[in-house]
């Protein structure tokens, strides 16, 4: 099984699928192609939350604002999973979780792009320019199609335990690490930040849902709101804090948008404290 | 075969797919994840129109504004199909159509959530909060992943005739019924409403296309427009009434948006009558 | 393998999938359902660029503003591929490329719609109108579901070499040709146009990337910008010209939107010349 995730929207993912299907009979499963464009951190968060629900698979990830620069292409073995994508940090939070935070379950390989054989399109092209120049077989702006997809097909077919047998891979260290920010928790007061806002407008923070335990109300940046197990714990249109499906504190509105009601967006600072501490 | 339909957008559906693929080898087919958010009626309409074109399948449907409240999770057997989703009415119009409106072809089961085994993510999580509290295995806000997907996998694997063998299911009545509104037709004058507006801007009413038979023109809320078999029956940019692909009267614009040209949106009242009756 | 491409958005593609799955066990692969609505030229461009990366397949394409008029439904054999869609030109640029521009690798068949058997939905419908009229089995506004999908399933199952064995197909000429516009190149000055703007805002022209060879800077409509191999060749936010993944000149912004920075959209004229010629 190969999963695909990118910020490509449409229709670039189809070219990657064509390449994969040229090389492998694997089942293809779209994770999403609608990550916020060129937002490595948001993609890293979502992959960390979603990929652990998959059975062992090869995960092809292309959120790659540095395509064509000297950033490496990377393959990680993480437990029974493999991840293929740019060396810009996007793979790491998911890989660590898939590896169970055990160092010997996380191995990195760098891709030697000269050893990657791209899929040539069905026919050669006939340009009107009539120049003797021809574009190289690999584009400089679409490595998803010309590098990552061929590598993902090869990784899938050889399997995670035999990655070192691939001529295009060499064991390596990772260049760019990425850790999602951690909150500080001090005397019942948690200072964190908004990791992402989801499509419903739910504000997902990096603060563990544990901080809500035992409270009926909490102050979020000074606004006192009820703590609820479900959106339906408050009237339609009302704000609440809840433990979201990621185990993290979310600031939501029942059948409305939490981001608008709380005035928060990704990267914003969030202070959570007992309602009493905020005069609530 | 398991179909998936939701209002989740991206990337939540991927977590459901991961869970399904943990439990079953079934083919997965996306119906859509772009239903209007939390709009049970619109989803019910589209499912009624689309699911009958599928061969026998298990249909996983999550449009669930009441997630985590005491609304039940439901499994319906409808003819050769099974539907899995919340007991908020969203499944019923499709289920009735799949059952051919025959009562003994429609059976309901309620899900005992205590008997549902969610898929645990690849590794346990390490929160920074250091609390002794741990979130429960099932989230309160993402039953698509933690309840409906595991149930759909089990329903698929056991088959529609053996649903009673599943420990997590008990025969039951449905709590929340939902009937899409019916028009009144009186002496050639039909009073109905707009069920949905599609992505092209076509205004889809609940009035049977039969009312257009024999007319060249019709009055829609007093505006007289041609009746056409196809959009191309009128000049580009002109309005028309037609029998849409659902067999219902649609108010359209050839290569334009009917909703804007007619000033109509979902839920609006529509009166259709012979052009002469409106002075046309 | 059957690929699907349309401008349908959601949820109409699901009805096509249901029909296909009624008729065939083929693997289904979405190319996209988000082509710009009713934009035959943009779809033709993207299909030309994407389909050649697929292994031999049947490609179902529905961008069909003339649905229900007397435009024909068409099947093209193009090398090892088959394409199914409306006779409005949308298939031709891709088909020519798949056929390697070899005339005997491109064969056209017209669909006799009377010989196409649509899939009936699971049950007959019960309208409230009570009329004795019944809608015809085929809709006039959704040939994707009622004509093209059944034909694509049949084409897939019979294979490209046996198309003439299908009762619903007859050898024919194509009615509507479509050639994407060619640039003129004269004495180092290329006059072309914008074919499409992609989702990142990259402005994709019809001018071969060859014209950039040997230049460090180029003038685009008089604006002198660097020529780069990659977006990262210029600072974040800066403009550049590059050879995109289609082998064509693109006008881009590193991590920004080229369409906004250059003030260009699809169809606009683009003159590319050496920087010196523009006084740069």
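Order of writing sets the chain letters: A, B and C. Residues in each chain are counted from 1.
Here is the rule we use: contacts are C-beta pairs under 8 Å (C-beta built on N, C-alpha and C of every residue); 3 or more make two chains touch, one makes a residue touch a chain.
Note that this is a predicted model, so its numbers are computed, not measured.
Peer 1: In steps of 5 degrees, what rotation angle do you get fitting chain A onto chain B on the CA atoms?
Peer 2: The superposition gives an angle of 120 degrees.
Peer 1: Indicate whether more than half of the residue numbers at the chain B-chain C interface occur in both copies; give same if so and different if not.
Peer 2: Comparing the two copies, chain B and chain C contact each other through largely different residue numbers, since under half are shared.
Peer 1: Round to the nearest whole Å and give the separation of the Cα centres of chain B and chain C.
Peer 2: That gives a centre separation of 30 Å.
Peer 1: Residue numbers in chain A touching 2 or more other chains?
Peer 2: none
Peer 1: Help me check something: in the complex, which residues belonging to chain C touch chain B?
Peer 2: 8-15, 17-19, 21-22, 28, 37-38, 65-69, 119, 121-131, 133-135, 139-142, 145-146
Peer 1: Taking the touch rule as given, give the residues of chain B at its contact with chain C in the complex, in rising order.
Peer 2: Checking each residue of chain B against chain C gives 1, 3, 5, 29-35, 46, 49-55, 79, 81, 97-101, 182-183, 185, 190, 198-200, 207-211, 213, 229-233, 242-245, 247, 250, 255.
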